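To keep things simple, chains are lettered A, B, C and D as they appear, and every chain counts its residues starting from 1.
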Amino acid sequence: MQTYRLWISTPDQPGLIYKISKSLLDEGFNIEENHEFVDKEGNLFLMRTEIVGEGAADILEQKLTTVLPEDSTIEVIPARKKNIVVLGTKEAHCLGDILIQHDSGELTADIQAVISNHQVLGELVQRFELPFHHVTHEGCTRQEHEAQVMDIIDSFSPDLIVLAKYMRVLTPAFVERYAGKILNIHHSFLPAFVGANPYKQAHQRGVKIIGATAHVVSDDLDEGPIIAQNVVHVDHSYTWQAMRQAGRHVEKVVLTKALELLLEDRVFVFGNKTVVF
Amino acid sequence: MQTYRLWISTPDQPGLIYKISKSLLDEGFNIEENHEFVDKEGNLFLMRTEIVGEGAADILEQKLTTVLPEDSTIEVIPARKKNIVVLGTKEAHCLGDILIQHDSGELTADIQAVISNHQVLGELVQRFELPFHHVTHEGCTRQEHEAQVMDIIDSFSPDLIVLAKYMRVLTPAFVERYAGKILNIHHSFLPAFVGANPYKQAHQRGVKIIGATAHVVSDDLDEGPIIAQNVVHVDHSYTWQAMRQAGRHVEKVVLTKALELLLEDRVFVFGNKTVVF
Amino acid sequence: MQTYRLWISTPDQPGLIYKISKSLLDEGFNIEENHEFVDKEGNLFLMRTEIVGEGAADILEQKLTTVLPEDSTIEVIPARKKNIVVLGTKEAHCLGDILIQHDSGELTADIQAVISNHQVLGELVQRFELPFHHVTHEGCTRQEHEAQVMDIIDSFSPDLIVLAKYMRVLTPAFVERYAGKILNIHHSFLPAFVGANPYKQAHQRGVKIIGATAHVVSDDLDEGPIIAQNVVHVDHSYTWQAMRQAGRHVEKVVLTKALELLLEDRVFVFGNKTVVF
Amino acid sequence: MQTYRLWISTPDQPGLIYKISKSLLDEGFNIEENHEFVDKEGNLFLMRTEIVGEGAADILEQKLTTVLPEDSTIEVIPARKKNIVVLGTKEAHCLGDILIQHDSGELTADIQAVISNHQVLGELVQRFELPFHHVTHEGCTRQEHEAQVMDIIDSFSPDLIVLAKYMRVLTPAFVERYAGKILNIHHSFLPAFVGANPYKQAHQRGVKIIGATAHVVSDDLDEGPIIAQNVVHVDHSYTWQAMRQAGRHVEKVVLTKALELLLEDRVFVFGNKTVVF
């Protein structure tokens, strides 16, 4: 008996659930959990089904291909521990949270390596006896730096790349190479602030809320389909450093939440947004 | 074309979704929105499907009865504005929130009447030209009082009874008569406090959070399957009156949220808990 | 015995609290509640003190003027019910929340009038037997429209002007005339959206949080010193209309919270931010 | 120049702030941050002042003793990194969060040792090269076990003892020995659940919110003056294990928040509650 997560995305039309559930029954799969959503604007039917059975995944996929519309996307993903590579820069809070959960067996993922453009996180990673790769960005172009990072990533073929406060802008080539596989976390404010040290700006603006957004990386580092968001209340008594510290707590929790969702194949990206089942 | 909310609760077994979706297709209904949940402890399959079609609801219900296990519960509920009766005592915040939303057309419900054991809310209700019934509990037994209240309720045959800070303990007879149809809101604290003036107790205990719980009334007034909960942060500078005021804001929002869910038939009660789709 | 809220803003220097507390003692005032904050960047000392006494406010103010640095701001505000004028457009949720609280005596303010550029809110206001002024913006320039609105406002000399979803851009002249006295609420998103129908944009962007910001109006309608903010979680199943409805609940609670703070003279504006004591 | 946190608790009476601020000025201390609160029920004046100066702390304390009422409590606490001992059992999430912050220098505390009644956390602690003491509770009475734990604690004379999911009931003798110095975190539910596996009970009850409470330990392990609380929303789709996991995220954040407050001497306990400045 094997568990799979079946993701179907197809133009909406009558009878889809009937056709899909019949195929599953015919091929010997039982439905353990099922979520559907119809995006009416895009006339898109989305379905995530957790199925258990002795049947073969490729035969199910073929079967579904024959009964569903031509331009459907069908993925039959075996439920297994995923491999991740974590990228960081200097801040330890997000990386540390992942390391602790990994160490205590709460994270259903194997951390293959941590890569950083600074040396400072190396000691922490080595405490957990995990491979640490320091790839400095100094003395090389953005392309040269990324080439080295990609070489290391590719040597592991990870399922996911987690940017745990990785403070480098990614090139379109990098984003495209790992399309849909890069998870990022960034601070979020109401209103938003661009430019250097957003916490200083937020402090100067007197915000009463500090947020964090975890998202799949598309083009721009801080844009891309949102998976999870949360906030924490602050007030005038917070210095900008205290705001940053408060932000760190919410960042690590939101990143971990989003990572858990991705590890269970619960996130589907369409357009610039997500369905999270 | 008519929209229905189909609720199915049945012992879990393979092929249920196939059978149900086939019946819907056969009877000419299209699925607009679909949610399922399997309660593994109780081996219970729960499904809420928003269906649209020209077919007859009773024929669909018969059809489903023949294909589903014997001890299934099948409800085909037409999507329509529901009728509600609101019960209050003295506090206006929850009632007022409902009245405002009703008045501005944001609430998909008709308020048939407001009943109170005090006179004080009468003026507010009459501002909105709605029937107000003052049924004093003074000088009569609990049973006698409730008999009068039930007479008024029954004259309207409401879909739902909303206890908007109705501060009377209900008899089992009352609860049973309107089983599953009574929505209540009450303040909630961590830890919980019993007895008179819980806000004073919460203040004395120095709680940092004040919550509200909206639930379907079963036996005990403040127990019963939970639909929605929320909290607000407080601190030592709050007097118990300020805590109560903060509590009122969260109470009205949580009650309204739960009411919206009930009006869209999104709440299913099983055991002492709910599934909210 | 009279209660005053004393606000002092002065360049920070040693001995301020000593000088102030001595003056209060000398003039026969007792401190009931006291908050201080030093904005280190601006070297600004801020203090809000709730004082009770038989002494004369003007004599206290004179006394403080003599002991404090020259460029100090000293305000001795008697604790009394404030007068407010509410401006709205079409949406009833914020106005309605204020009306209900006013009606039940929970708001320590007198609503002198409601002004709207549309007729639609008139019926609601009249239910509460309050003056409603419809000032259409059609067929006149922004300046002409505002001139009419200001005439009405000025006929009441309110302490505060509450923009309860007033959907008109204000001219600098209007903002300046009522500087520091205008409270506004607006929806807030992560990320922010500009242009028409932000809820549609937020929906398209797949945000997982919807927020509201209450602020003092300075130049731009949606900028200005923030008093209070809050958020509510949403997900992909929300249509943009459902997001707007969720947003309304958080907007009304945040506006009311900010209004309560202003009515108790708990907000001090400096630079583009606030201290909320 | 040395920074101190001055805590004063005294019966409320006119002129206190004047007397205190005069003493500070006389002894050469400048006020950097000041908070006051009057508990009207207990007629108690509480003040926390961050003072900077060249003066001697003991002379200031003597001075204040002469000017304040006899039954005042005066503490002049030098601002310095505190020493903490952490107690755990099997769960790593709270301990891990503290270790990470300690390791990255975000925690203004030195961890002197970690003590556990199980061996399982030892490996994690040793990763950070910190002393780990395994004191099994098996084969000995509660008193004998605690005696061993207290011996270890006393060998370090810590400022604070952090119970990071330490699952042992403490004896009154233990609590009294470290009165006011023990910080605990526990899960909190609405409603509350007693007995074994509260997460299973909460799941069965269908709660929509899971909370965590950090508090100073007084008599009962899960009671005592509350410092910080927070919650996370859950729904029917959460298994009890998923609820526990969601609870862990909120527990670690709330414990860390409370610890930060204690490390900055921002918590004052009176009666069974706290003032948090």
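We adopt the following convention: a residue touches a chain if its C-beta (ideal position, glycine included) is under 8 Å from a C-beta of that chain, and two chains touch if they have at least 3 such contacts.
Being a predicted model, the structure only gives us computed values, none of them experimental.
Chain centres here are C-alpha means, and the one lying farthest from subunit C is A.
Comparing chain pairs B-D and B-C, the larger number of C-beta contacts belongs to B-D. The geometric centre of subunit B is 40 Å away from that of subunit D, both derived from CA atoms. Inter-chain spacing, taken between the CA centroids of subunit B and subunit C, is 35 Å.
The multi-chain contact residues of subunit C, meaning those touching 2 or more other chains, are 233.
The touching residues of subunit A, when paired with subunit B in their complex, are 14-18, 21-22, 24-25, 30-36, 38, 233.
On the subunit C side of its complex with subunit A, the touching residues are 37, 188-192, 204-209, 211, 213, 223, 225-231, 233, 235-237, 271-276.
Interface residues of subunit A facing subunit D in the complex, by the touch rule stated above, are 91-93, 96-97, 99-101, 103-104, 106, 124, 127-128, 245, 248-249, 253, 256-257, 260.
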